[in-house]
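You will see chain A twice below: alongside chain B first, and alongside chain C after that.
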Partner chain A sequence: MTQPMPTFDQARTDAEPLLSVRDLVVEYHTQRGLVRAADHVSFDLHRNEVFGLAGESGCGKSTVAHAITRILKPPAHIAGGQVLFDEVDVLKLNDDQLRDIRWRRISIVFQSAMNALSPVLTVGTQIADALQAHENGTAQMTRRQVLDRARELLDLVGIDPDRVNSYPHQLSGGMRQRVVIAIALALNPELIVMDEPTTALDVVVQKQIMDQIRELRNQFGFSILFISHDLSLMVEFSDRVGIMYAGELVEVAPSQAIFNDPQHPYTVRLMNSFPTLSGPRVELFGIPGSPPDLITPPPGCRFHPRCDVALAGRCQTERPGLQPIGARHMAACHLLDDKIVNKEDAS
Partner chain B sequence: MRFILRRLGFYLIALLVSVTLNFMIPRLMSGDPVQLMFARFQGRMDPRAIESLYETFGFVQGPLHEQYFTYLSHLLQGDLGVSIANFPIPVTEVIAVGLGWTLRLVGLATVIAFSAGIFLGIRAAWRRGRFADSVILPITGLLSAFPYFWLAMLVLYFFALGLGWFPLGHAYSLDIHQDWSSPEYLSSVLHHMILPATTIVLTAIGGWMLGMRNNMISVLSEDYITMAQAKGLSDRRVMYTYAARNAILPSLTGFAMSLGFVLGGALLTEIVFSYPGVGYTLLTAVNTRDYPLMQGVFLMITVAVLVANLLADTMYVLLDPRVRAA
Partner chain C sequence: MIAAKPILEAQGLTKHFRTGGAVSQRVVKALQDASFQLYPGKVTALVGESGSGKSTTARLLARLYEPTAGQIIYAGRDTVEDKGRSKLLKYRSEVQMIFQDPFSSLNPVHSISYHLKRPLQIHRKAQGRQMTEKVHDLLHTVALTPPADYTPKYPHQLSGGQRQRVAIARALAVEPKVILADEPISMLDVSIRMGILNLMAKLRDEQNLAFLYVTHDLASARYFADETMVMYAGHIVESGGSEELTQDPQHPYTQLLLSAVPDPARGLRTQETEIAGEVPSLSEVGEGCPFAARCPHVMSRCREAMPPVTRLSETRWVRCYLFDEA
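Entry: the complex of A and B
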């Protein structure tokens, strides 16, 4: 797992990836022992791309998102790896450098919009804060300009600009989420990390908000790291998807390939357990068993105890690594060994 | 605004109830309380004081409701009667003198203890397990667990009696002319204030600090704090505008209420340091059975607590937008 991950996206991008995560390891110190919530996770995210991270609750997808933006709180800590953002390792930045790239270049949309806004400050103040914290980075703005920009941002996400003086409790859940998105857009960042941006909302509002995000992305051209456990939403919204299981990436592929031609047994089962928004009614299957305890993960492939096609022996002892199995398609499964292609063939 | 008016209405009713109780209590005693009181003084009381006692309690000839309205109208005119022990000085005047000293000493000490406690609580929560949290917090906690009078006497014994750095009691040197514009008098007042104020601050700071620290810690785990940090805001901005601003709300209510009790004087402090504040006045009134004065002090404390509560409500409305809509 330590050798650099081969890249398969040269056909798509000539430039370096915007974000390149390499062998990221995040551990939680708990009373029962050490939990590896992210274990050597590696992926690339290109400019203008939407990359999705999906998986069951507790698979480590939010941990990865928080590690990239360095907002992990103890007892979590980053035990290794690199997060190269525009070729600079975010994990090595000091506080001032970090503060400088935060929001100006990478912003975050939080999981629960209900709690992402301070209840005692107006929406306008919380937008203005982001603008003013980075005055040095952008142009000096007067109070008036800051307010105008705040109104403009609210207008962008479809909220009446006069709401700038409202407090969060005066807004509905959907409106709050829009405000959080407006704040994320404030400084025209290159990357927006969206951690379950619509999970707390009902399906209709969810759809409206996802459409809005798509529209804004077309307009401003930022990249998105999209975290969700909702596979159908993810496949519909992302360009490429990474599937996580028990702290590891098990498959990375364009979302069409994940949808039509999943390779890893876990992905296959995951796809069968979700209804699609459109398309024929099919019978849904759950995945028997539950995700492993990460303090004592199973040896070999972490999915083998729940896998119905696991090979006795190899799957139980040898850990599979992510291998290229097709153009821009990678998976970590011993059963796919015969499909492994080498780098040259893929490009 | 409507919220405040509604609260105001509530407090007016509470005030009326307490005033009525104040009126009723002397009447619940069997016999004529004034005569009883007079008898207890065994001729040491100025006969002219009887008149004023009757008036204080509203004992005019006539049915109860007439007496009640006489009493109320006296109250509205700010007439609480005449102090028996200090005859013929009106009760209001006696209280006013004590109140001045109490406000300066206990008021100042409470504000200092609150501000310092809140500030230390913020620091302790922000840097958990560091100096403020692991050293200052246990010390202030220990101090607030001391029996107050014991700490006060200890301080008095060492710093006033033993080392002689501070005076043994009273609010200013009696050989200095009482004149607020004279620097000599001012420094004497300050000098007399230091020991009692320090004991109050030392014992009160722990509660504020612990309360604020705990509120801060629960607020710090909120998503909006993480989001504020991710926005690249400075630590100061996150700590004060986002975290402390939310965490301080419960403490503020406590603070406003404690301001109400400030007016009641710090009884033990004023006794140990012979400080001529409201608490000391009350003690004297009890010792000399000066009923009008006692009643006056109790009424003042009731009103002060009610006003402080109203203040707390108003402050809450100003600081927490969620209450405004309610």
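Entry: the complex of A and C
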């Protein structure tokens, strides 16, 4: 049983969202059965906003990112919903139309991308190829101009432009990841989807890269869909955060509210599951049990078997929908019923 | 503050790996001149970036690697020359290691019961009916209850956190005095990490175990460890009480490392720190301080020789010329 999702503007802004994901359902057909990895996921992402998707391993973050960028492969299947990018449903585009917006308007940085660079081509060539493959005739650039632009892009991401002639193995992991970010930036996209862009890197390098991304965003004004399982980084880097659990979005709020004033019992426990470097040292408990198998998710609220405040009855049978519970704050929990505000008050 | 005697101690511990072929031989200086102590009932964290030498240190202490130089003193006696099988077996039963990956550290074809009985047999800790009792006790200790639900299971039937609990139970089976835990929670989901750290903290307190906690997560070191040591490119550069060290870092590298850790509790966005350079290759680190090339306070002598240990208090020391009076 699914509830209709509210579709009010979450970010209290007059402008239309750049990206509006509506009731997205993605399934994987596996030998063991049907895995519904994204189940009626809805959120908006505004221009110049960093929207974070967080949650435990396997909760469906990458699935959502891959659906938005239409790079899902079988056994994945989009079973429903809309992904409105600038009011056009990305899920309905044909291959030509898709090629038009991919990289030019929406680009992607993957976690393992730095290992996906070709070992036999210089980074300059790889950036240039990306530029030419997608430039699409608008401004036919000469190879010379393209290479100049590649140098410029390296400079932007903090790499010495003379490195255009380097091969990936001559660069550190952090530098390779910067090259990947340079490729994502190449065509000035409006949205960059970043799936764990720094997960394989050390904190010092991560900090360098995240600072750089922030600076580039200030300069160019693109939006970011940011995915990470590092909740500290997530809260620090995102403007708003959506928390996923077992394929569902259970809470969406500005990142400081997610950290300081979480409402959904899962988010509350999650924020109490990791230590921080400053602030009081308090005992932390984590969450008993583990996330469900998505082939046989529990009925009712998917979190109820691990929830210490679940109500016998309702939480076990009736699935809660994402409801507005305050300014720019939504959560999907029956216990928050008395906090539900109507759309107008929330926006 | 530290009254007890150390149970395990490293003195000038050094490990160089020779890699590459005959023509292109390189020496990887994975650990250089490390001296530190582990105490009963205390957790000592070893933190640092990837490749800094943390696992090498743990593996040396576990006697899985032969040190290039230095001593490993267990209960007051240097053990480096103990090479016989029976002596090593005895040592390894008292100093147990827990690895990062609970998936690969258990054997998929054996049941949980087998995993726990095996060390009991090898080290003759129990036999016959006692054996089953002991296995149940161990599962109780790591909160896998009721034990009978878990004994017949195979590793793939358990979650990551449960597997790590089995790995801990297996380490406890031989009644060790020291546990060397190499990134024991880094492959686990956030929501189950604290359960494992809290379990280890309980073991520290109730069984008076000494822990070496290897991690790249400074916030977890602050939470779990009594003492923290910071490593950079094969050198331990600073050591002290975890709270002191994380709240008031002294070594310029520790300061850099801490400033890079995302910290939502710090409130507003972090200041943008200027971070130049990269970690040097371990086959290229020279005689001086390995951080010299990146250090904002670098002096000429920093490039000449590694600074000696400067004690800042009974529990705090740093290897940096900024603190060296001489």
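Rule of thumb we're sticking to: the second predicted complex is superposed on the first by the 329 of 347 C-alpha atoms of A that agree within 3 Å, B and C clash if a C-alpha of one lies under 4 Å from a C-alpha of the other, contacts with A are read in each partner's own complex, and residues count from 1 in each chain.
Heads up, the rule we're going with is that a residue touches a chain if its C-beta (ideal position, glycine included) is under 8 Å from a C-beta of that chain, and two chains touch if they have at least 3 such contacts.
Small disclaimer: the values here were computed from a predicted structure and weren't measured.
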item	value
Chain C versus chain B on the shared chain A, clash or fit after superposition	fit
Chain A-centred angle between chain C and chain B, computed on Cα centres after superposition, in steps of 10 °	80
Chain B or chain C, by number of chain A residues touched	C
Touching partner for A:167 - first (chain B), second (chain C), both, neither	first
Which superposed partner A:48 touches (first chain B, second chain C, both, neither)	neither
Contacts of A:199 with chain B and chain C, given as first, second, both or neither	neither
Chain B versus chain C as contact partner of A:110, first or second or both or neither	first
Chain B versus chain C as contact partner of A:82, first or second or both or neither	neither
Which of chain B and chain C A:229 touches, first, second, both or neither	second
Partner chain(s) touched by A:316 [first = chain B, second = chain C, both, neither]	neither
Overlay on chain A, chain C to chain B nearest C-alpha distance, Å	9
Chain B to chain A touching residues, read off their complex	221-224, 226-234, 237, 241-242, 245-246, 249, 319-322, 325
Residues on chain C engaged by chain A in the complex (per definition of touch)	49-50, 159-161, 189-195, 198, 216, 218-220, 222-224, 243, 246-247, 256-266, 269-270, 272-273, 275, 278-279
Interfacial residue positions of chain A with respect to chain C in the complex	56-57, 172, 174, 202-208, 211, 229-233, 235-237, 255, 259, 269-270, 273-279, 281, 283-288, 290-291
Chain B-touching residues of chain A, taken from the complex the two chains share	69, 71, 73, 98-104, 107-108, 110-112, 115-122, 129-130, 133-134, 167, 169-170, 180, 183
